[in-house]
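In the two complexes below, chain A is the common chain; its partner is chain B in one and chain C in the other.
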Partner chain A sequence: MKRIFVFFLLVNLAFAANAQKYMTKSGYIGFFSHTSMEDIKGDNNQVAGVLDVSTGDMVLQALVKSFHFEKALMEEHFNENYMESEKFPKASFKGKITNLSSLNLSKNGTYDVTVEGDLTIRDVTKKVSAKGTVEVATGSITANSKFPIVPEDFKIEIPGVVREKIAKNLEVTVTMKYLPL
Partner chain B sequence: MKTYVKVVLFFVFFIVVSAILAALYFYNLKHTDMSKAHPDFVITATALLKEFEDNETSASAKYVNKILEVDGIIGSINTAKDNILTISLRTESDLSSVICTFPAVADPSKFRAGDSITLRGECSGFLMDVLLNNCAAVNLKVK
Partner chain C sequence: MRRLAFAFIVLLIPVVLPAQDDLMNLLNANSAPEINYSTATFKSTRIVNGHSIERMAPGQLDVRISHRFGTINSGAYNFWGLDQSNIHLGLEYGITKWLMAGIGRGSYQKTFDGFTKFSVLRQSTGARVMPVSLSIFTSAALVSQHWPDETRTNYFSSRLAYTAQVLIARKFSPGLSFQLTPSYIHRNLVSTEMDPNDIYSIGAGGRVKVSKRISLNAEYYYMVNPKTYMSSQIYNPLSLGIDIETGGHVFQLLFTNSLAMIEKGFIGETAGSWKKGDIHFGFNLSRVFTLQKPQVRENQK
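After this line comes the complex of A and B, so read on.
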């Protein structure tokens, strides 16, 4: 039910009248875990997102299965043991740029923004707040952010034997290059 | 040392070494090479999208994690950092397509909108589009 809701939200956001909407279906979300034992990196280049620059609303949606790892076994463990992607195939974020007034869309440049909203992973929704930048260019808007997340916040169970190999805080990187709708 | 102790020690040593070798083998296992993989399904982009639009649950059960060989016409092309290439395949729908991501491609410029392509990839599921990952081009016909 929730998935259908998020889908309609995306579609609604995309089609609501009189608004300046930007969209992408090939945005990037990656995460990075660094410990002295191992560095782990997962990349997803198939993130769908809509940004409404008149209100600052944004929705992002991604398939867990679209995260790609250098090692096939890591990808399998990520999907089967930690994220349970068959049970929880999608992750989403619905939020807002809170300092929209500092953004000048008529002038190309890079602006600092703060985004707040609900991040849903494994059907667990958590309020998050992150700082980032918005690059206004002719014909596109690129949103960038880096923020930490804690796997245990989303009921991801990491067995004791491998706990030392996975960082307590994972660094999440988001790069969304939106085009006007 | 008694003979049976030696035998036991030898077996313990043998098991430990095999376990380490097996662990290293699995740890370094590569992703399936799609250009050589045998596809589980051969389908057109339009037909694939239609199955997901008609019933996402059953289409997901059928296709997710499977190797698909898909025929279609290239709609849009997007190159991200590290030459990761994402192309969309046109369908009858204006809103949705089949989006295919390739690992680092040496010459992304050989892909052009309008060309027909046959590619293989692993199906990840459906958002607003059907998503394929780890793709490789099997056949590219320039318009």
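After this line comes the complex of A and C, so read on.
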């Protein structure tokens, strides 16, 4: 029993020592919908995220109300009709860089990565996988990714009248510039 | 050794798997609590006739076209009022996050009007709890109709009337909002000595959403001044409406006993009575244009 306890301590110590966590509260997530009728773009510059470079674990969290649009009515409809932000105020992602070994943190540069994890929007959780890049610079790490999502996957109802105005696949852009925690 | 291996497996799994939850907890611990403002208490800047707590966002222009037809009890000959039409045109603009202003022209008494509406309190939860939203509304109206009696000395100031309102609203749930609107109207000139220059009233209005894009609205203004001392029969305005939102438009279809579409008219000069069937069908049409795009940082690089 004692041995297990000592081992537990050692393992945790090892993890604590290795844990190199990076954080930001001003990351960017945007989405873009293009149709012949209308382009819709929502930007959120207040995305919070933590990246643990020792394990590749990462989490992102965005307030739905912090997405801003060119047209105030779009923003209102986004919150009221589609995302129901009073009921579901946050969207989040919990995932992991799967090819952490290809990342060399001691050398500045841009590395291709693949991230897999759970994306939760409107309390609906879906497994997603996306390719992206990680830019290692002195004092900061910037993660970039672009991937498509389908509104219907998250039980977002789009009425027939406006279906033509909203793309079937929305393009999501993520840019997170992390600083050491 | 087997025990050690077992310990290794048992201990490693709980350390690795909830790591993301730990990160999430770390993230939440590092984030300041936010203020959650209530938005979209009403679909439009009007409940029916009167102003709602809603404002235009900065840089957004609301072009409004409103109609009130004749009374329904005017019968088939007048096609239940649709032969007659009263119009109000408005241009309304959001100047800052807390201030909007608008100008308008109504065919009722050929009236020009201008207003400002500014936000004092915003309903919120979270880091700051505020139970209601509160705005101040002020307007001026200029009647440009020819003088009824050209022979007497007519002053320009006699054409003017002013309104001040305090709008107090609460969004109880995503589907239910309510507003109280104490109002004061000053009219520089009234028809006879019997009529008060100052009118005090209290308005109450609300909306119930029946679907995400449709809501039912109702609005009533109670005049505090005793109406028996007025030279003509004046009624309290009662209006019922339905808001239909289609992308960039909000349509408000409504029934009301007042013909005018500005405060000075519908609060102080409503001559129609619901009981007698002096009900006007009407609509407000709102189309919003973005004149100035909000500044959004594209990227933080």
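Here, the second predicted complex is superposed on the first by the 163 of 181 C-alpha atoms of A that agree within 3 Å, B and C clash if a C-alpha of one lies under 4 Å from a C-alpha of the other, contacts with A are read in each partner's own complex, and residues count from 1 in each chain.
Here is the rule we go by: contacts are C-beta pairs under 8 Å (C-beta built on N, C-alpha and C of every residue); 3 or more make two chains touch, one makes a residue touch a chain.
Small disclaimer: the values here were computed from a predicted structure and weren't measured.
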Task: Three-chain arrangement built on chain A, chain B and chain C clash or fit - done: clash
Task: Partner chain(s) touched by A:45 [first = chain B, second = chain C, both, neither] - done: both
- [ ] Pick one for A:87: touches chain B only (first), chain C only (second), both, or neither.
- [x] second
Open item on the list: According to the stated criteria, A:57 is in contact with first (chain B), second (chain C), both, or neither; which is it?
Closed with: second
Open item on the list: Let me test your reading of the model: by the given contact rule, A:96 touches which partner, first (chain B), second (chain C), both or neither?
Closed with: second
Task: Touched chain A residues, chain B compared with chain C - done: C
TODO: Could you say whether A:21 touches chain B, chain C, both of them, or neither, answering first, second, both or neither?
DONE: second
Open item on the list: For A:32 in the superposed arrangement: first (chain B), second (chain C), both or neither?
Closed with: neither
Task: Contacts of A:111 with chain B and chain C, given as first, second, both or neither - done: neither
Open item on the list: Taking the superposition on A as described, I'd like to know which of chain B and chain C A:147 touches: first, second, both or neither.
Closed with: neither
Task: Stretch of chain C penetrating chain B in the combined three-chain arrangement, among 77-85, 95-103 or 203-211 - done: 95-103
Task: chain B/chain C common contact set on chain A - done: 7, 25-26, 28, 43, 45, 48, 61, 63, 65, 68, 71-73, 75, 86, 89
Task: Touching residues (chain side chain A, partner chain C) in the complex - done: 3-4, 7-8, 11-12, 15, 21, 23, 25-28, 30, 43, 45, 48-50, 52, 55, 57-59, 61, 63, 65, 68, 70-73, 75-77, 79-81, 84, 86-87, 89, 92, 94-96, 117, 142, 157, 159, 161-162, 165, 175, 177, 181
Open item on the list: So in the complex, the part of chain C that touches chain A is made up of which residues?
Closed with: 3-4, 7-8, 11-12, 15-16, 19-21, 23-24, 26-28, 30-31, 34, 36-40, 56-57, 60, 94, 174, 212-213, 245-248, 288, 290, 293-294, 296-301
- [ ] Would you tell me which residues of chain A are touching chain B in their complex?
- [x] 7, 10, 25-26, 28, 43, 45-46, 48, 61-63, 65-66, 68, 71-73, 75, 86, 89-90
Open item on the list: Quick check on the complex: what are the chain B residues that touch chain A?
Closed with: 26-32, 60, 64-65, 78, 80, 84, 86, 88, 99, 101, 103, 124-129, 131, 133-134
